[in-house]
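To keep things simple, chains are lettered A, B, C and D as they appear, and every chain counts its residues starting from 1.
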Amino acid sequence: MKKILLSGFEPFGNLDTNPTTAIISRAEDWDIEGINLETMILPVVYNECASRLIEKIELFKPDIVLSLGVAVGRSAITPERIGINIQDTAGEGKTGDNRGDQPRDRFINDGGPDGLFSTLPVRGIAELLVSEGIPAQISNTAGTYICNNTLYSVLDYINRENLDTKAGFIHVPASPDMVRKQPQMPSMAIDIQEKAIKHILEFLSKND
Amino acid sequence: MKKILLSGFEPFGNLDTNPTTAIISRAEDWDIEGINLETMILPVVYNECASRLIEKIELFKPDIVLSLGVAVGRSAITPERIGINIQDTAGEGKTGDNRGDQPRDRFINDGGPDGLFSTLPVRGIAELLVSEGIPAQISNTAGTYICNNTLYSVLDYINRENLDTKAGFIHVPASPDMVRKQPQMPSMAIDIQEKAIKHILEFLSKND
Amino acid sequence: MKKILLSGFEPFGNLDTNPTTAIISRAEDWDIEGINLETMILPVVYNECASRLIEKIELFKPDIVLSLGVAVGRSAITPERIGINIQDTAGEGKTGDNRGDQPRDRFINDGGPDGLFSTLPVRGIAELLVSEGIPAQISNTAGTYICNNTLYSVLDYINRENLDTKAGFIHVPASPDMVRKQPQMPSMAIDIQEKAIKHILEFLSKND
Amino acid sequence: MKKILLSGFEPFGNLDTNPTTAIISRAEDWDIEGINLETMILPVVYNECASRLIEKIELFKPDIVLSLGVAVGRSAITPERIGINIQDTAGEGKTGDNRGDQPRDRFINDGGPDGLFSTLPVRGIAELLVSEGIPAQISNTAGTYICNNTLYSVLDYINRENLDTKAGFIHVPASPDMVRKQPQMPSMAIDIQEKAIKHILEFLSKND
């Protein structure tokens, strides 16, 4: 029995939905053989997102932590290869987190390593999805916003505590309704996103 | 009872699927109140696509002709505003039709009007879909390939014959499996495409 | 001696520059053999842009009218194939013209033809630029804003008056400074844009 | 007097030019006050690009190493924030390096750190260019090809040798002639690229 902790995020910015909230809600009804699944929704706040996830890791002691976030503008499911030690919202259109925090080039962990690789099998995840007809690709940047912050912080915590826990992050596209008035923006149906994440959990439960 | 003729296309280029083939196949099972629906698959051949459709119009005498085609690279459902009197495959990556015909700047109807507006309510169609949470937008170009050829030819035929038939064209995005190895390419789930086209038919049957 | 009328536009929207204003300003210093060149800047106003250009045509009686406009988001020089009989600012982000006029699906000339092809050699123009190392491509839509309005109106006027004048429209990319804070947006140096338009005028003066 | 080593690359893939080769060639004629400039062209070969650069560092003992590479598809000058410990050509369209080496998920330095931040002032560089009217932005991924390989290897070497040398990498867009037949692809004039790199060197010579 693999213990898996699956997290999503609350909506952020000027959006009123987040596909990862919907996936987490659906995941509560999944019953996957060989998996003891725990789910949670994280706040889109730099100095809370990771601490909440880490508290849950300490209680649940999962074998695997998989965090999900939305990347508006991407068209494929993208497992992230690396988290980097930076918080930055200086890019075009970024308005800070849900508390208004707008860091520029701020370290997540002053003195921590510059980057930390995901310990999930990102190549296997991408290939699995493509073989199921779902667009997928390894991403080499999780950005510098809350998603990267969560990925880096969890990997850094696991390293510092010397845990066996594997951890990683997957970005999903916007859902169609999020971009219904932005017709140039790619999206992916929630049904397909759900199918992808379910396949990934089955794969992770057997892998190792 | 509105008589509607709905057409899709066979696969083309180096693709082995076409979402409009799938939609047409599903449409055969639809039972929409107030609609007498006839469906057909057109060949991706400049000098056949329109003649086949026109033969069917002469037999079925539809009130409305709605043709569907895939536009790889688009992320939204796009009703086309206009068909133009040109056949051209000179653009990057175009390899000609399924018979190898590669016209450059060739008139569809030498002496015909330069452009012909769709006679379907393209604004209403786009707004309907957006209100249903499906990305949609009027497109101002159907290109110069088979899709535009079909749209222009049918509108030109209807004009010359002085028919009351309304006609138009809708481009749909690639399906996810078509682009599973091109992760930068947007796509839309067939389930959502089917839902969109079904909504449009219901709308057209009540309209006017 | 070919008489050529070359027009650009004033800045519009929230932009304070327009590369076509700069090109027109530079064009005043050009001395091209075989060309009698007249230049002008048009207002970004639906119900003035074309009438100003037509007034000048009546005075100057050019052999060729070439209008330039900027298409933010395009990366190549794009001669337009067709102007269409519509004024529409309903698309995402459109805020109306410089007088606040925000038409939706309004005819330019009620009763006029749906579309009118440019009478300039668009294929030759695109091929010429590519051979000079400048990205270029025929465009099949000039949109539904002021640029299309100008193109359609001039072609429609020439048709109604039965003139021999050739007319067309070329969209140029944003200049680098316009998008310096939108780093995902393509641009083209004014020097290259100037070189392109100069080449095109030389080509047009020898052509036909 | 700051000693600066500036590198570019030879052409690669199916391209016959590389804007960084042109910039290096022009840089040989620059005479910038306060800078002792050394230039070189690197081979697009995983197991040679960095060793050649490192040999030159050992001879020239620069204060600053700035490497340039082209990122086809980007429209802005992008200083890279981080190099990561991976060589991977599995992405769409990658055909391996100029010797045919096609690594998948291979470490650059087995046992080396996962990521290493550039030690150049990437924020200052991006802001400087924007203030000069040149599109620029920090990039959070240098990819997994030769460019990232060079950046990571040099930073890793400097760390291991405990040198004071600062090092970093800047991606430039394609030049217009490279994409003249791919009109959807953004580009930047070599004159503007040259101006940008010259500004950056002046900035680096005064900085710190």
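Note that contacts are C-beta pairs under 8 Å (C-beta built on N, C-alpha and C of every residue); 3 or more make two chains touch, one makes a residue touch a chain.
A quick note: this is a predicted structure, and the numbers were derived from the prediction, not measured.
A.B. asks: Considering only mean CA positions as chain centres, point out the chain farthest from subunit A.
C.D. replies: Of all the other chains, the one whose centre lies farthest from subunit A is C.
A.B. asks: Could you check if the interface between copies subunit A and subunit B is built from the same residues on both sides, meaning over half shared, or from different ones?
C.D. replies: same
A.B. asks: From the mean C-alpha coordinate of subunit A to that of subunit B, what's the distance rounded to whole Å?
C.D. replies: Between these chains, centre-to-centre, one finds 38 Å.
A.B. asks: Taking the mean of the CA coordinates per chain, how far is subunit B from subunit D in Å?
C.D. replies: Taking the mean C-alpha position of each chain, the two centres sit 46 Å apart.
A.B. asks: I'd like the Å distance between the centres of subunit A and subunit D, where a centre is the mean of that chain's Cα atoms.
C.D. replies: Spacing between the chain centres: roughly 30 Å.
A.B. asks: Mind pulling the subunit D residues that touch 2 or more other chains?
C.D. replies: Each of 92, 137, 181-184 in subunit D touches at least two other chains.
A.B. asks: Note which residues of subunit B are touching subunit A in the complex, please.
C.D. replies: 75-76, 78, 129-130, 133-137, 176-177, 179-189, 191-192
A.B. asks: Of all residues in subunit B, which touch subunit C in the complex?
C.D. replies: 81-82, 84-86, 88, 90-92, 104-105, 113-117, 123, 137-138, 140-141, 143-144
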